[in-house]
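Please read through the structure below; I'll follow up with questions.
Labels run A, B, C and D following the written order; every chain starts at residue 1.
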Amino acid sequence: MNKARVETFSDGVFAIAITLLVLTIAQPTNYGDLSRQLWDRLPSLAAYVVSFLVIGIMWLNHHSIFGYFERIDRPLVYLNHLLLLTVVFVPYPTGVLGEALRRGEGTQTAAIFYSVTMAVNAYCWAALWLYASSGRRLLHDGFPEELYTVAIGVAFISAYAVLALHFVFAAYYAVDPISRRATRASTAE
Amino acid sequence: MNKARVETFSDGVFAIAITLLVLTIAQPTNYGDLSRQLWDRLPSLAAYVVSFLVIGIMWLNHHSIFGYFERIDRPLVYLNHLLLLTVVFVPYPTGVLGEALRRGEGTQTAAIFYSVTMAVNAYCWAALWLYASSGRRLLHDGFPEELYTVAIGVAFISAYAVLALHFVFAAYYAVDPISRRATRASTAE
Amino acid sequence: MNKARVETFSDGVFAIAITLLVLTIAQPTNYGDLSRQLWDRLPSLAAYVVSFLVIGIMWLNHHSIFGYFERIDRPLVYLNHLLLLTVVFVPYPTGVLGEALRRGEGTQTAAIFYSVTMAVNAYCWAALWLYASSGRRLLHDGFPEELYTVAIGVAFISAYAVLALHFVFAAYYAVDPISRRATRASTAE
Amino acid sequence: MNKARVETFSDGVFAIAITLLVLTIAQPTNYGDLSRQLWDRLPSLAAYVVSFLVIGIMWLNHHSIFGYFERIDRPLVYLNHLLLLTVVFVPYPTGVLGEALRRGEGTQTAAIFYSVTMAVNAYCWAALWLYASSGRRLLHDGFPEELYTVAIGVAFISAYAVLALHFVFAAYYAVDPISRRATRASTAE
């Protein structure tokens, strides 16, 4: 199992998923009133920015996690596939959420859908990490998957709050990345 | 012929094909009834998941097969191109099958179409493998291409059975990968 | 922080963003009058060519800038993410501008939108560069971000002038690339 | 100028352009008559296959040509960008040609458009090659760009003949690749 090739494949998938996000912003339909049409698409732009940062930070954490592995085995590759499956899916709920916000219809459903996707993704990260760290005690603190589950609840209140929350989660992972937590855990031993 | 660059190109093609799958799930049209619209797209999601795993396992096997090659020649690159041609095509029948299942129309045709694509793909794998292993006896057991041909027959019965079957095939290749079979074959000599 | 993997990821994002540009050219709708329909899409083709060259030159400059870094840290990766966020967005205003020019409607708005995108992108470049070069005095001349801001003004006059201007900017960066300016700056010390 | 990074970027662009081809096959619209709808898309499938092989062989030749370069300079990178610009464009005329053939309308225009794209691409290859080989006499025979210009004429007669012709061109380059011609040229000296 060639670790470098798994990383290259994963990098490619992350790079494409993050780039496909731009296709989630609906094309204008009426060019006679273009400035208004573009203005109406601001929620789609916000969803684009949040999902972009979320995937960007995920990529960084993927990078950090794989930096810990000396070698990888088949089960790890399958868990990695599952994780990528949820990453690749992100543009779909992103497009749905942006469009729902623009239309002002179905925003609650779209926000729940977005949050569920992110929660499933968080559990895939946890599975990957647990498998990789079992027997090595790299993980002490536990992953905040509960947070992602909470975000599903928030989706019942406000779709914009969901976007803001996922932005905060991404920022949190940017400031307190997995690698640092792992280091903290090992030094705490 | 630089083996690494062929692998990088193939990895890129696999990564993009697997990511484009997300575009096969049709966007909702009526946001006033979004939860139902998303629910109706479950078959598309199922087709997405199965095709994702199928391509993911293919990528892994591609990886294993190329690990056996010390060097590659032009005919091998052409066979690899043919194989990639069928891999890149996968999102199209995936989209058609998911949409047919959602509409409840043309499911048999869509399932046959999906199965034929997978069968053609399986024969391309066999061609690549046979060319690469000829004179080296790496392959004893024979490839189960018949299975893929059988799947075409199953498509006449149920479209969901076809999805389930291809999921099982992917799982089989995950558990008993080409590399292991090759090792078994060489030790049996 | 593995510099090579950040470069590979960035290369992938640049490569995909530049390739998605082709999707911005609207498909013909009336094949009975195809030659005219294709002719009408010349502005979209022009927007495609300009954006392609702009992203192509950006990629080259990214390449040059990262050539100066011996190692990279997290803040740099985040600035790089922000930069990529604006690069990935380019196909959207490109498509809008090409379509506005084809329809002869909303061209001013579309040109302003395109120019603003490019200006934001220019400021992200400046941020990346300033962070990277702070304390090392690599940058003496200052970046011509004002030029990009000027281009927003030009957008009020003519949408074609905006395309021409961004073509000239790309050509300027091609002839007097960042790397050369940096060298000039250091020898001037 | 890092040759490896230019190759990686080019590989990525080739890989994405070749994969986007699958999006050129129009989705079925009427699932009640799916088998007929799929059958009607055979010309799109044919255009997909031909363009896939054309880009696949181009990638291989790109690979061979860059194998001759010990180092690369900026003008070469710009010529490479121009070449990639025409490669990335290929999915557009491919989609138009497939759709025109399906509708039985505008086939002549679509075939001319496809041939012109390929001819422009061929001239970009020639420019790259001439720049790279000038002063080194790698190129004796001259490139058959005339052939691509002839193909534009053929487009006036039959759109299918154009597809067949470009298939033959790709096959020719597969059998008598640039690398071999270059070797022949140098031994002839």
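Heads up, the rule we're going with is that a residue touches a chain if its C-beta (ideal position, glycine included) is under 8 Å from a C-beta of that chain, and two chains touch if they have at least 3 such contacts.
Keep in mind the model is a prediction, meaning the values are calculated, not measured.
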| What's the fewest number of moves from chain B to chain D, given that each move must go to a chain touching the current one? | 1
| Interface sides of chain A and chain C: same vs different residues, half threshold | different
| request: Please identify which chain has its centre, taken as the mean of its CA atoms, farthest from the centre of chain A. | output: D
| request: Could you put a whole-Å number on the gap between the CA centroids of chain B and chain C? | output: 37
| note | Averaging C-alpha coordinates per chain, one finds the centres of chain A and chain B separated by a number of Å equal to 26
| Sites on chain D at which at least two other chains make contact | 8, 12, 16, 20, 23
| request: Provide the residue numbers of chain D that touch chain B in the complex, in ascending order. | output: 7-8, 11-12, 14-16, 18-23, 25, 27-28, 31-35, 38, 48-49, 52-53, 56, 59-60, 63, 67, 174, 177
| Mind pulling up the chain D residues that touch chain C in the complex? | 2, 5, 8-9, 12-13, 16-17, 20, 23, 74, 77-78, 81, 84-85, 88-89, 91-92, 95-96, 99-100, 103, 105-106, 109-110, 113
